[in-house]
(Lines give C-alpha, C1' and ligand atoms only; values in the text may rest on other atoms or scores of the structure.)
Protein backbone atom coordinates (compact mmCIF):
# COMPACT_ATOMS: atom_id res chain seq x y z
CA UNK A 1 0.00 0.00 0.00
CA UNK A 2 1.43 3.40 -0.96
CA UNK A 3 1.91 6.23 1.56
CA UNK A 4 -0.97 8.07 -0.09
CA UNK A 5 -3.25 5.07 0.31
CA UNK A 6 -2.23 4.68 3.95
CA UNK A 7 -3.08 8.34 4.56
CA UNK A 8 -6.52 7.98 2.92
CA UNK A 9 -7.38 4.92 5.02
CA UNK A 10 -6.26 6.73 8.17
CA UNK A 11 -8.26 9.82 7.23
CA UNK A 12 -11.44 7.87 6.58
CA UNK A 13 -10.97 6.01 9.88
CA UNK A 14 -10.50 9.35 11.66
CA UNK A 15 -13.63 10.80 10.05
CA UNK A 16 -15.58 7.68 11.02
CA UNK A 17 -14.58 8.00 14.68
CA UNK A 18 -15.15 11.77 14.82
CA UNK A 19 -18.60 11.18 13.31
CA UNK A 20 -19.39 8.57 15.96
CA UNK A 21 -18.56 11.11 18.66
CA UNK A 22 -21.01 13.55 17.06
CA UNK A 23 -23.71 10.90 16.67
CA UNK A 24 -23.34 9.75 20.28
CA UNK A 25 -23.65 13.36 21.48
CA UNK A 26 -26.86 13.70 19.45
CA UNK A 27 -28.26 10.49 20.95
CA UNK A 28 -27.30 11.54 24.48
CA UNK A 29 -29.14 14.85 23.90
CA UNK A 30 -32.13 12.85 22.59
CA UNK A 31 -31.95 14.44 19.12
CA UNK A 32 -33.83 12.63 16.34
CA UNK A 33 -32.33 10.77 13.37
CA UNK A 34 -31.84 14.03 11.47
CA UNK A 35 -29.92 15.46 14.41
CA UNK A 36 -27.76 12.34 14.62
CA UNK A 37 -26.88 12.70 10.94
CA UNK A 38 -26.19 16.43 11.15
CA UNK A 39 -23.99 16.19 14.25
CA UNK A 40 -22.05 13.25 12.77
CA UNK A 41 -21.28 15.12 9.56
CA UNK A 42 -20.52 18.46 11.26
CA UNK A 43 -18.20 16.87 13.84
CA UNK A 44 -16.28 14.90 11.23
CA UNK A 45 -15.96 17.56 8.55
CA UNK A 46 -16.42 20.93 10.29
CA UNK A 47 -12.77 21.49 11.16
CA UNK A 48 -11.48 20.78 7.68
CA UNK A 49 -14.19 22.92 6.08
CA UNK A 50 -13.28 25.89 8.31
CA UNK A 51 -9.59 25.45 7.37
CA UNK A 52 -10.33 25.28 3.65
CA UNK A 53 -12.64 28.31 3.72
CA UNK A 54 -9.88 30.32 5.42
CA UNK A 55 -7.13 29.29 3.01
CA UNK A 56 -9.47 29.76 0.06
CA UNK A 57 -9.52 26.16 -1.18
CA UNK A 58 -13.13 25.96 -2.38
CA UNK A 59 -15.02 23.74 -2.60
CA UNK A 60 -13.43 22.35 0.57
CA UNK A 61 -11.80 18.92 0.42
CA UNK A 62 -14.83 17.62 2.33
CA UNK A 63 -16.89 18.30 -0.81
CA UNK A 64 -14.30 17.23 -3.37
CA UNK A 65 -14.18 13.51 -2.51
CA UNK A 66 -17.54 11.81 -2.07
CA UNK A 67 -16.07 9.38 0.51
CA UNK A 68 -15.49 12.28 2.89
CA UNK A 69 -19.26 12.92 3.02
CA UNK A 70 -20.42 9.31 2.83
CA UNK A 71 -18.21 7.96 5.64
CA UNK A 72 -19.75 10.22 8.35
CA UNK A 73 -23.21 9.36 7.01
CA UNK A 74 -22.43 5.66 7.35
CA UNK A 75 -21.05 6.30 10.84
CA UNK A 76 -24.33 8.05 11.75
CA UNK A 77 -26.32 5.07 10.46
CA UNK A 78 -24.17 2.55 12.33
CA UNK A 79 -24.34 4.60 15.53
CA UNK A 80 -28.11 4.92 15.17
CA UNK A 81 -28.32 1.15 15.72
CA UNK A 82 -25.10 0.34 17.60
CA UNK A 83 -24.85 3.25 20.04
CA UNK A 84 -25.09 1.01 23.07
CA UNK A 85 -22.17 -1.04 21.81
CA UNK A 86 -20.17 2.13 21.19
CA UNK A 87 -21.02 3.40 24.66
CA UNK A 88 -19.38 0.28 26.11
CA UNK A 89 -16.38 0.85 23.85
CA UNK A 90 -15.89 4.42 25.07
CA UNK A 91 -12.19 4.04 25.82
CA UNK A 92 -11.46 2.30 22.53
CA UNK A 93 -13.26 5.08 20.68
CA UNK A 94 -11.22 7.67 22.57
CA UNK A 95 -8.01 5.95 21.42
CA UNK A 96 -9.14 6.09 17.79
CA UNK A 97 -10.27 9.67 18.36
CA UNK A 98 -6.73 10.49 19.53
CA UNK A 99 -5.41 8.98 16.31
CA UNK A 100 -7.80 11.18 14.32
CA UNK A 101 -6.68 14.20 16.32
CA UNK A 102 -3.05 13.43 15.52
CA UNK A 103 -3.67 12.86 11.83
CA UNK A 104 -5.90 15.86 11.14
CA UNK A 105 -3.71 18.29 13.05
CA UNK A 106 -0.69 17.16 11.01
CA UNK A 107 -2.45 17.19 7.62
CA UNK A 108 -4.14 20.51 8.43
CA UNK A 109 -0.88 22.20 9.38
CA UNK A 110 0.91 20.87 6.30
CA UNK A 111 -1.90 22.01 4.00
CA UNK A 112 -1.83 25.54 5.45
CA UNK A 113 1.95 25.70 5.00
CA UNK A 114 1.62 24.45 1.41
CA UNK A 115 -0.83 27.28 0.77
CA UNK A 116 1.86 29.76 1.82
CA UNK A 117 0.64 30.69 5.28
CA UNK A 118 3.09 31.65 8.02
CA UNK A 119 4.08 29.39 10.89
CA UNK A 120 1.73 30.84 13.53
CA UNK A 121 -1.17 30.83 11.07
CA UNK A 122 -0.48 27.23 10.07
CA UNK A 123 -0.45 26.12 13.71
CA UNK A 124 -3.79 27.84 14.32
CA UNK A 125 -5.29 26.22 11.23
CA UNK A 126 -3.82 22.80 12.05
CA UNK A 127 -5.42 22.88 15.47
CA UNK A 128 -8.65 24.21 13.94
CA UNK A 129 -8.73 21.27 11.52
CA UNK A 130 -8.45 18.81 14.39
CA UNK A 131 -10.75 20.42 16.96
CA UNK A 132 -13.08 22.70 14.95
CA UNK A 133 -15.65 20.01 14.24
CA UNK A 134 -15.95 19.19 17.93
CA UNK A 135 -16.54 22.84 18.81
CA UNK A 136 -19.25 23.14 16.14
CA UNK A 137 -20.81 19.91 17.47
CA UNK A 138 -20.95 21.37 20.97
CA UNK A 139 -22.35 24.71 19.78
CA UNK A 140 -25.16 23.05 17.80
CA UNK A 141 -25.88 20.65 20.70
CA UNK A 142 -25.91 23.60 23.14
CA UNK A 143 -23.12 22.16 25.25
CA UNK A 144 -20.29 24.22 26.68
CA UNK A 145 -17.45 23.29 24.32
CA UNK A 146 -15.54 20.43 25.95
CA UNK A 147 -12.40 22.17 24.71
CA UNK A 148 -12.73 25.10 27.11
CA UNK A 149 -13.91 23.21 30.17
CA UNK A 150 -11.49 22.98 33.02
CA UNK A 151 -12.35 19.38 33.94
CA UNK A 152 -11.61 17.83 30.54
CA UNK A 153 -8.30 16.17 29.69
CA UNK A 154 -5.97 18.10 27.39
CA UNK A 155 -7.06 17.80 23.77
CA UNK A 156 -6.08 20.90 21.80
CA UNK A 157 -2.72 21.28 23.57
CA UNK A 158 -1.34 18.00 22.16
CA UNK A 159 -2.60 19.06 18.73
CA UNK A 160 -0.87 22.43 19.10
CA UNK A 161 2.38 20.74 20.12
CA UNK A 162 2.34 18.59 16.99
CA UNK A 163 1.47 21.56 14.77
CA UNK A 164 4.38 23.56 16.20
CA UNK A 165 6.78 20.70 15.43
CA UNK A 166 5.56 20.62 11.82
CA UNK A 167 5.79 24.40 11.39
CA UNK A 168 9.30 24.58 12.82
CA UNK A 169 10.49 21.71 10.62
CA UNK A 170 8.95 23.34 7.55
CA UNK A 171 10.66 26.67 8.18
CA UNK A 172 14.03 25.10 9.00
CA UNK A 173 14.00 22.88 5.92
CA UNK A 174 13.91 19.51 7.71
CA UNK A 175 12.42 16.87 5.33
CA UNK A 176 8.70 16.67 6.00
CA UNK A 177 7.69 12.96 5.82
CA UNK A 178 9.60 11.73 8.89
CA UNK A 179 8.71 14.89 10.81
CA UNK A 180 5.02 14.44 9.97
CA UNK A 181 5.04 10.87 11.26
CA UNK A 182 6.96 11.95 14.37
CA UNK A 183 4.58 14.83 15.05
CA UNK A 184 1.56 12.53 14.67
CA UNK A 185 3.07 10.05 17.13
CA UNK A 186 3.80 12.92 19.53
CA UNK A 187 0.19 14.17 19.40
CA UNK A 188 -1.21 10.66 19.81
CA UNK A 189 1.04 9.78 22.77
CA UNK A 190 0.58 13.20 24.42
CA UNK A 191 -3.20 12.90 24.14
CA UNK A 192 -3.24 9.34 25.51
CA UNK A 193 -1.04 10.38 28.43
CA UNK A 194 -3.30 13.39 29.09
CA UNK A 195 -6.28 11.01 29.19
CA UNK A 196 -4.58 8.46 31.45
CA UNK A 197 -3.04 11.01 33.84
CA UNK A 198 -5.99 13.45 33.60
CA UNK A 199 -3.87 16.43 32.67
CA UNK A 200 -5.95 19.61 32.56
CA UNK A 201 -5.30 23.16 31.46
CA UNK A 202 -5.32 25.61 34.38
CA UNK A 203 -7.94 28.19 35.23
CA UNK A 204 -6.82 31.82 35.08
CA UNK A 205 -4.22 32.76 37.69
CA UNK A 206 -5.92 33.62 41.00
CA UNK A 207 -9.37 33.50 39.45
CA UNK A 208 -11.18 32.72 42.69
CA UNK A 209 -12.27 36.36 42.74
CA UNK A 210 -14.00 36.77 39.41
CA UNK A 211 -14.69 40.04 37.62
CA UNK A 212 -18.34 41.01 38.00
CA UNK A 213 -18.97 41.17 34.25
CA UNK A 214 -16.95 41.43 31.04
CA UNK A 215 -16.68 44.79 29.26
CA UNK A 216 -18.51 45.49 26.05
CA UNK A 217 -21.26 43.61 24.31
CA UNK B 1 -43.92 37.18 -16.73
CA UNK B 2 -40.79 35.21 -17.67
CA UNK B 3 -39.65 32.09 -15.80
CA UNK B 4 -36.74 34.11 -14.42
CA UNK B 5 -39.09 36.79 -13.14
CA UNK B 6 -41.36 34.16 -11.55
CA UNK B 7 -38.34 32.66 -9.78
CA UNK B 8 -37.23 36.07 -8.44
CA UNK B 9 -40.69 36.84 -7.07
CA UNK B 10 -40.85 33.40 -5.43
CA UNK B 11 -37.36 33.82 -3.96
CA UNK B 12 -38.13 37.23 -2.48
CA UNK B 13 -41.38 35.85 -1.03
CA UNK B 14 -39.45 32.95 0.48
CA UNK B 15 -36.84 35.28 1.99
CA UNK B 16 -39.62 37.45 3.42
CA UNK B 17 -41.28 34.50 5.15
CA UNK B 18 -38.01 33.03 6.43
CA UNK B 19 -37.14 36.48 7.83
CA UNK B 20 -40.50 36.66 9.60
CA UNK B 21 -39.74 33.34 11.30
CA UNK B 22 -36.43 34.78 12.52
CA UNK B 23 -38.01 38.03 13.70
CA UNK B 24 -40.79 36.20 15.56
CA UNK B 25 -38.21 34.02 17.32
CA UNK B 26 -36.34 37.19 18.39
CA UNK B 27 -39.55 38.73 19.72
CA UNK B 28 -40.49 35.55 21.57
CA UNK B 29 -37.03 35.56 23.19
CA UNK B 30 -37.55 39.24 24.08
CA UNK B 31 -34.59 40.41 22.00
CA UNK B 32 -34.46 44.12 21.17
CA UNK B 33 -34.93 45.73 17.75
CA UNK B 34 -31.32 45.00 16.82
CA UNK B 35 -31.85 41.33 17.64
CA UNK B 36 -35.04 41.25 15.56
CA UNK B 37 -33.14 42.65 12.58
CA UNK B 38 -30.17 40.31 12.99
CA UNK B 39 -32.26 37.15 13.38
CA UNK B 40 -34.46 38.11 10.41
CA UNK B 41 -31.46 38.62 8.11
CA UNK B 42 -29.55 35.55 9.36
CA UNK B 43 -32.57 33.25 9.04
CA UNK B 44 -33.39 34.41 5.52
CA UNK B 45 -29.88 34.54 4.08
CA UNK B 46 -27.73 32.26 6.25
CA UNK B 47 -28.34 29.06 4.29
CA UNK B 48 -27.55 30.58 0.92
CA UNK B 49 -24.43 32.30 2.28
CA UNK B 50 -23.13 28.99 3.69
CA UNK B 51 -23.74 27.30 0.32
CA UNK B 52 -21.98 30.06 -1.63
CA UNK B 53 -18.97 30.12 0.72
CA UNK B 54 -18.58 26.36 0.25
CA UNK B 55 -18.83 26.42 -3.55
CA UNK B 56 -16.58 29.49 -3.68
CA UNK B 57 -19.07 31.93 -5.22
CA UNK B 58 -18.00 35.12 -3.42
CA UNK B 59 -19.43 37.52 -2.63
CA UNK B 60 -22.45 35.28 -2.01
CA UNK B 61 -25.63 35.90 -4.00
CA UNK B 62 -27.09 37.40 -0.82
CA UNK B 63 -24.61 40.27 -1.24
CA UNK B 64 -24.82 40.55 -5.03
CA UNK B 65 -28.43 41.72 -5.32
CA UNK B 66 -29.48 44.48 -2.93
CA UNK B 67 -33.06 43.14 -2.80
CA UNK B 68 -31.82 40.01 -1.06
CA UNK B 69 -30.63 42.11 1.90
CA UNK B 70 -33.41 44.70 1.86
CA UNK B 71 -36.32 42.21 1.83
CA UNK B 72 -35.39 40.59 5.19
CA UNK B 73 -34.83 44.06 6.66
CA UNK B 74 -38.32 45.08 5.55
CA UNK B 75 -39.69 41.83 6.98
CA UNK B 76 -38.00 42.65 10.32
CA UNK B 77 -39.56 46.12 10.31
CA UNK B 78 -43.03 44.79 9.46
CA UNK B 79 -42.76 42.07 12.10
CA UNK B 80 -41.60 44.63 14.68
CA UNK B 81 -45.06 46.19 14.41
CA UNK B 82 -47.26 43.36 13.16
CA UNK B 83 -45.97 40.38 15.17
CA UNK B 84 -49.28 39.84 16.88
CA UNK B 85 -51.01 39.60 13.53
CA UNK B 86 -48.37 37.15 12.31
CA UNK B 87 -48.75 35.08 15.48
CA UNK B 88 -52.43 34.60 14.59
CA UNK B 89 -51.44 33.68 11.03
CA UNK B 90 -49.04 30.97 12.21
CA UNK B 91 -50.43 28.26 9.92
CA UNK B 92 -50.50 30.53 6.88
CA UNK B 93 -46.88 31.49 7.54
CA UNK B 94 -45.94 27.82 7.82
CA UNK B 95 -47.48 27.18 4.41
CA UNK B 96 -45.44 29.99 2.86
CA UNK B 97 -42.41 28.71 4.78
CA UNK B 98 -42.92 25.30 3.15
CA UNK B 99 -42.94 27.03 -0.23
CA UNK B 100 -39.66 28.75 0.64
CA UNK B 101 -38.21 25.42 1.78
CA UNK B 102 -39.17 23.84 -1.55
CA UNK B 103 -37.80 26.68 -3.63
CA UNK B 104 -34.47 27.14 -1.85
CA UNK B 105 -33.70 23.44 -1.70
CA UNK B 106 -34.26 23.17 -5.45
CA UNK B 107 -32.29 26.30 -6.40
CA UNK B 108 -29.51 25.40 -3.97
CA UNK B 109 -29.12 21.89 -5.34
CA UNK B 110 -29.14 23.12 -8.94
CA UNK B 111 -26.52 25.80 -8.19
CA UNK B 112 -24.22 23.26 -6.55
CA UNK B 113 -24.56 20.95 -9.56
CA UNK B 114 -23.88 23.84 -11.94
CA UNK B 115 -20.67 24.52 -10.00
CA UNK B 116 -19.55 20.98 -10.75
CA UNK B 117 -20.16 19.30 -7.40
CA UNK B 118 -21.10 15.64 -7.19
CA UNK B 119 -24.59 14.34 -6.47
CA UNK B 120 -24.16 13.69 -2.74
CA UNK B 121 -22.47 17.05 -2.25
CA UNK B 122 -25.22 18.87 -4.16
CA UNK B 123 -27.91 17.23 -2.02
CA UNK B 124 -26.09 18.29 1.17
CA UNK B 125 -25.73 21.86 -0.12
CA UNK B 126 -29.33 22.00 -1.35
CA UNK B 127 -30.60 21.01 2.08
CA UNK B 128 -28.11 23.43 3.69
CA UNK B 129 -29.47 26.26 1.55
CA UNK B 130 -33.00 25.55 2.72
CA UNK B 131 -32.41 24.82 6.41
CA UNK B 132 -29.06 26.48 7.26
CA UNK B 133 -30.56 29.86 8.10
CA UNK B 134 -32.96 28.28 10.57
CA UNK B 135 -30.13 26.45 12.33
CA UNK B 136 -28.08 29.66 12.61
CA UNK B 137 -31.20 31.43 13.94
CA UNK B 138 -31.60 28.79 16.65
CA UNK B 139 -27.89 28.85 17.57
CA UNK B 140 -27.86 32.65 17.97
CA UNK B 141 -31.14 32.56 19.89
CA UNK B 142 -29.77 29.77 22.12
CA UNK B 143 -32.53 27.36 21.21
CA UNK B 144 -31.97 23.68 20.52
CA UNK B 145 -32.19 23.62 16.71
CA UNK B 146 -35.77 22.75 15.80
CA UNK B 147 -34.28 20.57 13.07
CA UNK B 148 -32.84 18.03 15.51
CA UNK B 149 -35.70 17.90 17.98
CA UNK B 150 -37.72 14.75 18.05
CA UNK B 151 -41.07 16.47 18.54
CA UNK B 152 -40.96 18.67 15.42
CA UNK B 153 -42.58 17.75 12.14
CA UNK B 154 -40.24 16.65 9.33
CA UNK B 155 -38.58 19.63 7.68
CA UNK B 156 -35.18 18.68 6.32
CA UNK B 157 -36.31 15.24 5.13
CA UNK B 158 -38.73 16.67 2.52
CA UNK B 159 -35.95 19.01 1.39
CA UNK B 160 -33.54 16.09 1.07
CA UNK B 161 -36.10 14.13 -0.96
CA UNK B 162 -36.45 17.00 -3.44
CA UNK B 163 -32.69 17.48 -3.65
CA UNK B 164 -32.20 13.78 -4.41
CA UNK B 165 -34.73 13.98 -7.25
CA UNK B 166 -32.84 16.93 -8.76
CA UNK B 167 -29.44 15.28 -8.42
CA UNK B 168 -30.63 12.02 -10.00
CA UNK B 169 -32.26 13.87 -12.89
CA UNK B 170 -29.10 15.93 -13.45
CA UNK B 171 -26.85 12.88 -13.61
CA UNK B 172 -29.25 10.89 -15.82
CA UNK B 173 -29.68 13.74 -18.29
CA UNK B 174 -33.39 14.33 -17.75
CA UNK B 175 -34.26 17.94 -18.78
CA UNK B 176 -34.06 20.12 -15.68
CA UNK B 177 -36.97 22.64 -15.82
CA UNK B 178 -39.86 20.14 -15.45
CA UNK B 179 -37.89 18.13 -12.87
CA UNK B 180 -37.19 21.27 -10.85
CA UNK B 181 -40.87 22.17 -10.76
CA UNK B 182 -41.79 18.60 -9.88
CA UNK B 183 -39.19 18.41 -7.10
CA UNK B 184 -40.41 21.71 -5.63
CA UNK B 185 -44.00 20.45 -5.62
CA UNK B 186 -42.81 17.20 -3.98
CA UNK B 187 -41.00 19.09 -1.19
CA UNK B 188 -43.95 21.41 -0.63
CA UNK B 189 -46.53 18.61 -0.50
CA UNK B 190 -44.30 16.34 1.61
CA UNK B 191 -43.70 19.14 4.13
CA UNK B 192 -47.42 20.03 4.33
CA UNK B 193 -48.31 16.38 4.87
CA UNK B 194 -45.61 16.08 7.55
CA UNK B 195 -47.17 19.11 9.28
CA UNK B 196 -50.73 17.86 9.02
CA UNK B 197 -49.95 14.24 9.97
CA UNK B 198 -47.21 15.19 12.47
CA UNK B 199 -44.60 12.93 10.92
CA UNK B 200 -41.45 12.91 13.02
CA UNK B 201 -37.97 11.46 12.55
CA UNK B 202 -37.26 8.62 15.00
CA UNK B 203 -34.97 8.64 17.98
CA UNK B 204 -31.98 6.30 17.85
CA UNK B 205 -32.88 2.60 17.87
CA UNK B 206 -33.40 1.39 21.45
CA UNK B 207 -32.14 4.64 22.91
CA UNK B 208 -33.97 4.30 26.20
CA UNK B 209 -30.66 3.29 27.77
CA UNK B 210 -28.42 6.21 26.91
CA UNK B 211 -24.63 6.16 26.87
CA UNK B 212 -23.25 7.89 29.96
CA UNK B 213 -21.24 10.43 27.96
CA UNK B 214 -19.86 10.82 24.44
CA UNK B 215 -16.19 10.14 23.79
CA UNK B 216 -13.69 12.95 23.21
CA UNK B 217 -14.05 16.65 23.66
CA UNK C 1 4.34 58.60 11.85
CA UNK C 2 2.52 58.00 8.56
CA UNK C 3 -1.26 57.61 8.30
CA UNK C 4 -0.74 53.92 7.50
CA UNK C 5 1.37 53.48 10.63
CA UNK C 6 -1.22 55.29 12.76
CA UNK C 7 -3.92 52.97 11.41
CA UNK C 8 -1.86 49.85 12.18
CA UNK C 9 -1.19 50.97 15.76
CA UNK C 10 -4.90 51.74 16.23
CA UNK C 11 -5.90 48.38 14.75
CA UNK C 12 -3.55 46.40 16.99
CA UNK C 13 -4.80 48.37 20.02
CA UNK C 14 -8.38 47.58 19.01
CA UNK C 15 -7.61 43.88 18.59
CA UNK C 16 -5.88 43.85 21.98
CA UNK C 17 -8.93 45.33 23.73
CA UNK C 18 -11.43 43.10 21.89
CA UNK C 19 -9.29 40.10 22.88
CA UNK C 20 -9.33 41.21 26.53
CA UNK C 21 -13.14 41.29 26.41
CA UNK C 22 -13.12 37.71 25.11
CA UNK C 23 -10.59 36.52 27.68
CA UNK C 24 -12.52 38.14 30.55
CA UNK C 25 -15.71 36.43 29.39
CA UNK C 26 -13.86 33.09 29.39
CA UNK C 27 -12.56 33.70 32.91
CA UNK C 28 -15.98 34.76 34.16
CA UNK C 29 -17.42 31.51 32.73
CA UNK C 30 -14.58 29.60 34.45
CA UNK C 31 -13.15 28.30 31.16
CA UNK C 32 -9.60 26.97 31.28
CA UNK C 33 -6.48 28.50 29.70
CA UNK C 34 -7.37 27.00 26.32
CA UNK C 35 -10.81 28.60 26.51
CA UNK C 36 -9.29 31.96 27.42
CA UNK C 37 -7.01 31.79 24.38
CA UNK C 38 -9.79 30.68 22.01
CA UNK C 39 -12.29 33.31 23.13
CA UNK C 40 -9.63 36.05 22.96
CA UNK C 41 -8.67 35.17 19.39
CA UNK C 42 -12.25 34.62 18.19
CA UNK C 43 -13.51 37.89 19.70
CA UNK C 44 -10.69 39.93 18.22
CA UNK C 45 -10.55 38.40 14.75
CA UNK C 46 -13.95 36.78 14.15
CA UNK C 47 -15.64 39.84 12.65
CA UNK C 48 -12.88 40.56 10.17
CA UNK C 49 -12.64 36.91 9.17
CA UNK C 50 -16.40 36.75 8.45
CA UNK C 51 -16.11 39.92 6.33
CA UNK C 52 -13.16 38.60 4.35
CA UNK C 53 -14.80 35.21 3.72
CA UNK C 54 -17.88 36.99 2.35
CA UNK C 55 -15.96 39.35 0.05
CA UNK C 56 -13.68 36.50 -1.04
CA UNK C 57 -10.39 37.90 0.28
CA UNK C 58 -8.70 34.65 1.33
CA UNK C 59 -6.74 34.02 3.37
CA UNK C 60 -8.42 36.69 5.51
CA UNK C 61 -6.34 39.66 6.64
CA UNK C 62 -6.29 38.07 10.11
CA UNK C 63 -4.09 35.33 8.63
CA UNK C 64 -2.00 37.54 6.33
CA UNK C 65 -0.17 39.56 9.01
CA UNK C 66 1.24 37.54 11.90
CA UNK C 67 0.72 40.47 14.32
CA UNK C 68 -3.04 40.11 13.91
CA UNK C 69 -2.86 36.61 15.43
CA UNK C 70 -0.11 37.27 17.95
CA UNK C 71 -1.67 40.36 19.53
CA UNK C 72 -4.85 38.55 20.73
CA UNK C 73 -2.67 35.70 22.00
CA UNK C 74 -0.59 38.18 24.01
CA UNK C 75 -3.80 39.78 25.27
CA UNK C 76 -5.01 36.33 26.41
CA UNK C 77 -1.74 35.75 28.25
CA UNK C 78 -1.81 39.16 29.94
CA UNK C 79 -5.46 38.72 30.92
CA UNK C 80 -4.71 35.25 32.30
CA UNK C 81 -2.57 36.95 34.94
CA UNK C 82 -3.99 40.48 35.14
CA UNK C 83 -7.74 39.84 34.91
CA UNK C 84 -8.40 41.29 38.35
CA UNK C 85 -6.68 44.53 37.32
CA UNK C 86 -8.73 44.62 34.10
CA UNK C 87 -11.93 43.99 36.05
CA UNK C 88 -11.21 47.18 38.04
CA UNK C 89 -10.50 49.03 34.78
CA UNK C 90 -13.85 48.01 33.26
CA UNK C 91 -14.83 51.53 32.20
CA UNK C 92 -11.41 52.29 30.70
CA UNK C 93 -11.59 49.06 28.72
CA UNK C 94 -15.07 50.00 27.48
CA UNK C 95 -13.69 53.32 26.21
CA UNK C 96 -10.93 51.54 24.28
CA UNK C 97 -13.52 49.01 23.10
CA UNK C 98 -15.57 51.91 21.70
CA UNK C 99 -12.47 53.08 19.83
CA UNK C 100 -12.03 49.58 18.39
CA UNK C 101 -15.70 49.52 17.41
CA UNK C 102 -15.29 52.85 15.59
CA UNK C 103 -12.12 51.83 13.81
CA UNK C 104 -13.20 48.37 12.66
CA UNK C 105 -16.60 49.50 11.45
CA UNK C 106 -14.94 52.20 9.32
CA UNK C 107 -12.16 49.99 7.92
CA UNK C 108 -14.62 47.13 7.32
CA UNK C 109 -17.06 49.33 5.40
CA UNK C 110 -14.28 50.86 3.30
CA UNK C 111 -12.84 47.45 2.46
CA UNK C 112 -16.23 46.14 1.33
CA UNK C 113 -16.72 49.21 -0.87
CA UNK C 114 -13.23 48.79 -2.34
CA UNK C 115 -14.18 45.22 -3.26
CA UNK C 116 -17.07 46.58 -5.29
CA UNK C 117 -19.99 45.81 -2.98
CA UNK C 118 -23.07 48.03 -2.92
CA UNK C 119 -23.86 50.52 -0.18
CA UNK C 120 -26.28 48.37 1.83
CA UNK C 121 -23.95 45.38 1.60
CA UNK C 122 -20.96 47.47 2.72
CA UNK C 123 -22.88 48.76 5.74
CA UNK C 124 -23.83 45.21 6.74
CA UNK C 125 -20.22 44.04 6.37
CA UNK C 126 -18.83 47.08 8.19
CA UNK C 127 -21.08 46.39 11.17
CA UNK C 128 -20.25 42.66 10.92
CA UNK C 129 -16.53 43.47 11.09
CA UNK C 130 -17.04 45.47 14.27
CA UNK C 131 -19.53 43.26 16.12
CA UNK C 132 -19.15 39.78 14.59
CA UNK C 133 -16.35 38.69 16.92
CA UNK C 134 -18.44 39.58 19.96
CA UNK C 135 -21.38 37.54 18.69
CA UNK C 136 -19.15 34.51 18.05
CA UNK C 137 -17.66 34.97 21.55
CA UNK C 138 -21.15 34.88 23.07
CA UNK C 139 -22.23 31.87 21.00
CA UNK C 140 -19.17 29.83 22.03
CA UNK C 141 -19.54 30.94 25.66
CA UNK C 142 -23.25 30.01 25.56
CA UNK C 143 -24.36 33.53 26.46
CA UNK C 144 -27.31 35.28 24.83
CA UNK C 145 -25.50 37.67 22.47
CA UNK C 146 -25.14 40.99 24.29
CA UNK C 147 -25.99 42.62 20.97
CA UNK C 148 -29.60 41.44 21.01
CA UNK C 149 -30.37 41.94 24.68
CA UNK C 150 -32.71 44.74 25.53
CA UNK C 151 -30.85 45.87 28.65
CA UNK C 152 -27.49 46.54 26.97
CA UNK C 153 -26.40 49.97 25.81
CA UNK C 154 -26.45 50.58 22.05
CA UNK C 155 -23.42 49.05 20.36
CA UNK C 156 -24.23 48.04 16.80
CA UNK C 157 -26.40 51.09 16.13
CA UNK C 158 -23.46 53.54 16.46
CA UNK C 159 -21.45 51.26 14.19
CA UNK C 160 -24.27 51.24 11.63
CA UNK C 161 -24.49 55.03 11.75
CA UNK C 162 -20.79 55.35 10.97
CA UNK C 163 -20.98 52.76 8.20
CA UNK C 164 -23.89 54.63 6.58
CA UNK C 165 -21.88 57.86 6.59
CA UNK C 166 -18.98 56.11 4.84
CA UNK C 167 -21.21 54.42 2.25
CA UNK C 168 -23.03 57.67 1.41
CA UNK C 169 -19.75 59.58 1.08
CA UNK C 170 -18.31 56.85 -1.15
CA UNK C 171 -21.29 56.88 -3.51
CA UNK C 172 -21.47 60.68 -3.66
CA UNK C 173 -17.76 61.06 -4.37
CA UNK C 174 -16.81 62.93 -1.18
CA UNK C 175 -13.05 62.41 -0.49
CA UNK C 176 -12.72 59.46 1.85
CA UNK C 177 -9.94 60.27 4.38
CA UNK C 178 -11.72 63.14 6.19
CA UNK C 179 -15.04 61.29 6.05
CA UNK C 180 -13.45 58.16 7.52
CA UNK C 181 -12.02 60.13 10.44
CA UNK C 182 -15.35 61.91 10.93
CA UNK C 183 -17.31 58.65 10.84
CA UNK C 184 -14.96 57.06 13.37
CA UNK C 185 -15.36 60.02 15.72
CA UNK C 186 -19.14 59.80 15.26
CA UNK C 187 -19.21 56.08 16.16
CA UNK C 188 -16.91 56.61 19.16
CA UNK C 189 -18.89 59.58 20.54
CA UNK C 190 -22.28 57.92 19.85
CA UNK C 191 -21.18 54.73 21.63
CA UNK C 192 -19.79 56.66 24.64
CA UNK C 193 -23.02 58.66 24.90
CA UNK C 194 -25.07 55.45 24.65
CA UNK C 195 -23.00 54.04 27.53
CA UNK C 196 -23.27 57.15 29.70
CA UNK C 197 -26.98 57.78 29.03
CA UNK C 198 -27.86 54.04 28.86
CA UNK C 199 -29.56 54.28 25.50
CA UNK C 200 -31.20 50.98 24.57
CA UNK C 201 -32.89 49.63 21.45
CA UNK C 202 -36.62 49.06 21.96
CA UNK C 203 -38.46 45.77 22.25
CA UNK C 204 -40.96 45.00 19.51
CA UNK C 205 -43.99 47.30 19.45
CA UNK C 206 -46.63 46.11 21.95
CA UNK C 207 -44.73 42.91 22.64
CA UNK C 208 -46.24 42.38 26.07
CA UNK C 209 -48.46 39.73 24.52
CA UNK C 210 -46.00 37.37 22.92
CA UNK C 211 -46.75 34.87 20.17
CA UNK C 212 -46.92 31.35 21.60
CA UNK C 213 -44.22 30.00 19.31
CA UNK C 214 -42.49 30.96 16.05
CA UNK C 215 -43.49 29.24 12.82
CA UNK C 216 -41.27 26.63 11.17
CA UNK C 217 -38.23 24.84 12.50
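The chains carry the letters A, B and C, assigned in the order they are written, with residues numbered from 1 in each.
Criterion: a residue touches a chain if its C-beta (ideal position, glycine included) is under 8 Å from a C-beta of that chain, and two chains touch if they have at least 3 such contacts.
Just so we're clear, the structure is a prediction, and the values are computed from it rather than from any experiment.
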Taking shared residue numbers divided by all residue numbers at the interface, is the value for chain A and chain C over half (same) or under half (different)? different
What is the size of the turn, to the nearest 5°, that moves the C-alpha atoms of chain A onto the matching ones in chain B? 120
How far is the middle of chain A from the middle of chain C, if each middle is the mean of its Cα atoms, in Å? 28
Residue ranges of chain A touching at least 2 other chains are 53, 139, 142, 145, 147, 149, 156
List the residues on chain A that touch chain B in their complex, please. 18, 20-21, 24-36, 38-39, 41, 49, 53, 58-60, 63, 66, 69-70, 79-81, 83-84, 86-87, 90, 93-94, 97, 131, 134, 139-140, 142, 145-147, 149, 152-153, 155-156
Going by the contact rule at the top, pick out the chain A residues touching chain C in the complex. 53-56, 115, 117-118, 120-121, 124-125, 135, 139, 142, 144-145, 147-150, 156-157, 200-207, 209-217
